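Can you read through this structure? Questions will come right after.
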Amino acid sequence: TSADAATKTLVISSDLPLQGSSFDSNDSTNKAIELYLKSIKYKAGKYTVSFKKYDDATAAAGSWDAAKCAANAQAHVANKNEVAVMGTYNSGCAKIIVPVLNQDPKGPMLMVSDANTNPGLTKAWNPGEPDVYYPNGVRNYARVCTTDDNQGSAAAQFAKSIGIKKVYVLNDTQTYGQGVAQAFTTEAKKLGLTVLSSGVAGDGWDAKQSDYTALFTKIKALEPEMVYIGGIFDNNGGQLVKDKVNVLGDNTAVKMMGPDGFTGYPDLNKMPEAQGMYLTFAGLSTDLLLANDPKGAGASFVKNYKKAYGKDPVGSYPLYGVAAVQVILAAIAKSDGTRKGVNNAVFSGSGISIPAKQSVLGKELKISTLSGDTLAKDITVEVIKNNDETTLKAWTVK
Amino acid sequence: MLKIDNLQVSYGNIKAIKGISLEVNEGEIVTLIGSNGAGKSTTLRAISGLLKPRGGSITFLGERIDGLEGHDVVKKGITHSPEGRRIFPRMTVEENLDLGAFLRNDKAAIAEDKERVLELFPRLRERISQKSGTMSGGEQQMLAVARALMGQPKLLIMDEPSMGLAPVLVDLIFETILKINKQGTTILLVEQNALAALSVANRGYVLESGVIKMSGNAKDLQSDPEVTKAYLGG
Amino acid sequence: MANKSYKARQVRRAIFERTFGIAILAMLSFWLIVNLIKAPSQFAEVTLIGLSNGVLYALIALGYTLVYGIIELINFAHGDLFMLGGLFSAHFIALWFHQTKSSPMGWLVFFLALISVMVFCAGVNVFIERFAYRRLRRAPKLAPLITAVGVSFMIQFVGLRWNGSGQKTWNSVLPHGSVMLGSVKLPYTTLISFAVTIPILIALTFIVTKTRQGKAMRATAQDQDASRLMGINVNGTIAFTFALGGALAGVAGLLFQQTRGLTSYNLGYQLGLIAFTSAVLGGIGNLQGAVLGAILIGLIQGLNDGLPIGLGQQWSQTVVFSILILLMVFKPAGLLGKQVTEKV
Amino acid sequence: MSSILSAENITVEFGGLVAVNDVSFDIPEKGIVSLIGPNGAGKTTFFNILTGLYKPTSGHVMYDGQEITALVPHKIAAAGVARTFQNIRLFGSMTAEENVMVAMHSHLKASLATTILGLPSQRREERAAHEEARALLEFVGIGKTAGEFARNLSYGDQRRLEVARALALRPKVLLLDEPTAGMNPQESSVFVDFVHRIRDEKGISILLIEHDMAVVMKVSERITVLDRGEKIAEGSPAEIKANPRVIEAYLGKGVGAGH
Amino acid sequence: MAISFLKRGEKKQKQSASARKWAISLTLIALAIWAFFTYFFDKTPDAVQSWFQVWLPPSTINESLVWVICALGLNIVVGYAGLLDLGFVAFWAFGGYTAGWFMSGFFHQVNIHFGSMSAKVIPGIHLSFWLVMIIAALIAGFFGIIIGAPTLRLKSDYLALVTLGFGEIIPQVFTNGENIGGFNLSNGTKGISPIDAIGVFGKRLGPFDLGWKFLIYFFLAACMVFVSLRIRGGRLGRAWLAIREDELAASMMGVPLMRTKLTAYAVGAFSGGIGGAVYATHVNGIFAERFNFSISIILLAMVVLGGMGNVWGVIIGALLMAWINATGLPAIGDTFNNTFHTAINFPSYNFLLFGGILVLMMLFKRDGILPEARLKMISHENDDEAANTGGH
């Protein structure tokens, strides 16, 4: 039957919001995956694969939509040849899809995310998590990015290391932003820094608001040495950075630091107000890949991308999308071609690891067979300088 | 002056005017009578461009005016004082009067005319800066008539100008109609008070269910037994 | 006797309403005073910020209220038109005329942009009126409202195509920096916002209250057919109103883009909402009311965001709308609107 | 004759304007009385006081031995004071029958629950209401139009429908505000008989505001004249017709009063 | 007179007979759909299955029913009583969070189980779906009254704004609700998931029991239809219509304005609450981001597009728009690309298509797909050739 299986085309899919403000980034991810699959001739071990795109956004919502996620979950299961899903972009959507895939009678079906950073999906975080997402008792969800808690802690440790004593924490009131901001706050307090903001994750900034000068006027009066902004650039981050500098002065006077939700945006890097801003990044950013290792898998992939589509991939997630697909392909190669088999390949035995030479992320990518998280806890601390993200130092979470 | 030929008007699928022809000569008072729903107001609305006729023609001073926009019809010299008053309720009495003269530029003459209509309806002068929507029904009717007079039209169309007015004022309205007619304004009048209307008019038309049933000299109509029975409560 | 109890009830109710109102006002003033004492210059700065946002909101709110005033349409697409104005300005100044910093040439282009964006947005608004709303003049009120929602989606599509899905930041040709008034910072951009907005507001008030065109607008708003009978070109007047509203949205778009330096395809939604709120708060259809409402909302937001003791920005929307609802309960026709008893 | 509805020393001010000034007035049981006066005399305003729409600056309204000045309009209506409007105010896009049934709201007992469950008691009640509405439409002479939308009725029929709707409140007093405006003299004279029928067959007292003297003189048992908010005369039709003050302020002697 | 009574009686009987016919045939269709998806779907050829997956996936059908339930609620407020409500999403949120609170491990401090069918016994409040449904409806109805009360003195557009305000405040409370004075109300943007399974006849409905869920949702939607029609035909429905037409005249005819309007809000909110709870079980979670203004607007569009005030129209409007939003747009795009071998990026055109559909529908079929008779009359009486006539 294995010969039989080899002739069958297995479907892998992506499940991303393709409408609204994250469209460009996710469209780019899909393009990157298509390009990658073409470059490996749609082969995974002895299997041929094809690629199908799902959209978890709707026109009415203009962003991810819980009902669409629920519908997609059903569709993944119903699509007979589909063996694994690359996605989702939003953790909330993953929380809807993962339990369904988990209970697939022919499964569980594997999902590997490029962008979910909510810790609760894979480890104890809120009460009941993560077991509530795996009613079957078996894991079927992995991801190639590190979780919020790691980045937040690393950022706090770094802040202490450059002599910061008083910080003010902001978050974008969304799952990701609150997660990193909370981790930062907790760690900062543990390290003895003074956290001037109240609440477990600091103050929220409202992405719908168009003006933050009043907010920073308040912050200025408290005289912080650093402002930590947990969130993503898409949530009106440009304005936030601008207004921070408008009110508190440039980033040498009062430092500013953000998580990887702010990395990979050429628009941000080019802003005069962003110069000197610190960023953490879970892995290596696209630009750095090219600089650090011009011959590596990631660098050449980016070059190919530019050749094929005429421009750079948008943001850093496209590379992570490809990395997630690399995990899926490796699992397929190791499996018997069934959903269950593909999932087993990730969560049993030696699990999946992509060697540094092949990994588009520039270093070895290893998935924990227990939690599904990537084992890489290395965080890069970057600083925006000369209109570009530049590596300051690598940081391993203590 | 005004010539209507085979006019047809519909509301959706309902035919309200089924091909009527009538004529108003310069200097005349012509009245249009008929029971409720006969189509009198509809005819007037078609003349002043508020409704697009479905067929037929309307000619004013030798020019076709059917199909013109309402405001263009006014420019030709036709003023229409509509059924149901249609004053601007959130404007004062004075502002309403000013709007009556919207197309005129002769400031001095406008002021004179305003003076004249206020003379005619002293109640309006008393309430010159009251919001017209809060006035009593009859007061609003006075305003509607006064506003129409401010337009200095060649042809004045009046739809039930005496509705809701006290008897003294009804007299006044008909006197005024005669007076401005003498001063050279041609008038097309629709009235429920058919007796009064026929007594001031030169000629009359009787409209029934969208067609003209009778027409002729006002005096003759007044004494026509059929008209008397149907419209004069005789 | 029953009459007395009626009177007594009336009085009791009035007393209750008044006490409640006073209690709220007292709480508000207490909050403000505590903050003022605690940090006077911060208070002043935040107030200025609130004001300068308020005038921007006012420009959009005026467009809303003009259109509402004349055809009673809640024009959901108005905010998106503002967004389009911002995009147009950004492209005009930075991409077509390559101005990215404050210079005499930059100023010149800024003024060119001001005129162009007004014409552009006025044109777009008139176009929308002609093809989407005009046919629906006599339809039940909700039909044009849903059409406006559709138009809003379509403009967002244009924005999405033109700007991309993310937000874009732009350099301004307006000078950075600020003048110091004592210890209070007054940014140049705020001054410029005022300098552009205030003359426009005055001109607008003049047009609506003093000119023939304004008279036609007010008449059309009350009774279109009667207006026709007065010789008013109703379609022309409505188109003119849309043009005015569009031009205002254009100015707001330019000012926003230049002072905030940001464009994004979904910016119109939030600001449109605020503008609608301002317009109603002030008494919809009332020009001064719209300005007052907008400035009030700008202030509330600024104070809540920026005062040392406040709920913080994540609650801004809630604070704004709560105050709004309370105000509505006490002044059901808006701040400057008049409650009219119906005459039957 | 005892009075069913009486107003004592009513004064109404709008800003500085005294629209009604210390007017007392009563409607005898089963009587037909009229209120006339020049335009803007305060007649409609007086109606609005009686029905609770406006509250008087001072004075009381007594109905059936009870004070109703303070009640909200729907309670006054439910208690049995019904009216029509000077400018017709029907529910335009409801059928004639539905218009009438709306006014039965206060008599019907069905609750939300019984309606949803469709209990027999509710159905019986609905059926009875339908029948009553039908009968009322027949009574005012527009039985044929029951299923038509009110706004499609001709002007005269709309006026009749307003009366039918008011009657559905099962009132003891009916207030009619210029019911014949826009009717031609022929129709107006038919209306006079109709008013008598309402009173005679249903035992309802009627107060009428009217500018058509032919109607007023024929129908009223007593007439009250208001001018500029003040009561200037009261008496039988013959007395009023002869009252010089009334002639000067109101009647005149030209074509208008001619019939 | 007797003749006309007879006629009326006949007409009435005919009406109720046709309503019964409707009800029976709809029930049969529902049962057929249920049976098809529950028993036969797996056995159909692959081509049929994939056709359904592309054009009419069962989860889209179920989602559409959620919209139907909420749209019917809004129809009562807007279509019947004529109160423009721009914040209906608030009730949806209340219903959703009620399910979140009482059907999950959210309140992990306590351990209350009552008739629930949760897979594993975990701490939290776990009540039966049916009970939660009632609680959700009551909570939403209660807030409907709270929200309605201050608005009753307001004229239409001010009322719209106040409802809009509530529609903005309530989701923000849930978004920021992770820490309200130390109390976790909503888990903030992290949301509450998963939600307990629905139990019917002792059977626990898993994620793939869509046929059964369909039947339940259909039943609830049918209840809403039933309630709508019943109320519409009765005393209260007439009072709503009268208020919609002319508030002042209605009050002069003995209709208590406050009570009648509040009832409309409450009944509307009631079904919003049910819709919210159903939605939570459909997506198996509740997330604050979802409850934004656009939901209120889409619901309104469904009501208007379908035919305000006409229950069947509203249902069609809701089904159609929900389908277009969830399945129609992507399916058409994919099919186009596959047929013509193009690579047009359809999702990026969705705003345009969606907006275009709304505008075109309003321009060319403004009174909805199945217009209510009265609405039709109003909007066409002055059409075309009479384009300039006076509206009365």
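Order as written gives the chain letters A, B, C, D and E; numbering starts at 1 within each chain.
Throughout what follows, a contact is a pair of C-beta atoms (placed from the backbone, for glycine too) under 8 Å apart; a residue touches a chain by one contact, two chains touch by 3 or more.
These numbers were taken from a predicted model, which means no experiment stands behind them.
Least step count on the touch graph, subunit C to subunit E: 1. The most distant chain from subunit B, with centres taken as the mean of CA atoms, is A. Rounded to a whole number, the gap between the C-alpha centres of subunit A and subunit B is 76 angstrom. Computed centre separation for the pair subunit A/subunit C is 38 angstrom, with centres defined by C-alpha atoms. Here the spacing of subunit B and subunit C, counted between their Cα centres, is 43 Å.
Between the Cα centres of subunit A and subunit E there is a gap of 35 Å. Among the residues of subunit D, those touching two or more other chains are numbered 44, 53, 85-87, 89. Shared interface positions of subunit E, i.e. residues touching 2 or more other chains, are given as 175-176, 248, 348, 351, 354, 375, 378, 382-383, 387-390, 392. Residues of subunit C in contact with two or more other chains: 153, 156, 160, 225, 228, 269, 314, 317, 341, 344.
Residue ranges on subunit A touching subunit C, taken from their complex, read 20-25, 59, 62, 173, 203-206, 208-215, 217-218, 220-221, 233-234, 236-239, 242, 246, 265, 267-268, 271-272, 314.
Here subunit B touches subunit C in the complex through residues 48-50, 69-71, 74-75, 79-82, 86-91, 95, 98-100, 102-103, 133-135, 147, 151, going by the rule given at the top.
On the subunit C side of its complex with subunit A, the touching residues are 39, 42, 45-46, 49-50, 53, 153, 156, 160, 164-169, 171, 187, 256, 260-262, 264-267, 269-271, 301-303, 305-308, 310, 312-314, 316-317. Residues 68, 72, 74, 76, 132, 135-136, 138-140, 142-147, 149-154, 156-157, 160-161, 225, 228, 269, 273, 276-277, 280-281, 284, 314-315, 317-318, 321-322, 324-325, 328-329, 332-334, 342, 344 of subunit C touch subunit E in their complex. Residues 78, 84, 150-151, 153-155, 157-158, 160-162, 164-166, 168-169, 172-173, 175-176, 248, 293, 297, 300-301, 304-305, 308, 348-349, 351-352, 354-359, 362-363, 366-367, 375, 378-379, 382-383, 387-391 of subunit E are the ones that touch subunit C when the two sit in their complex.
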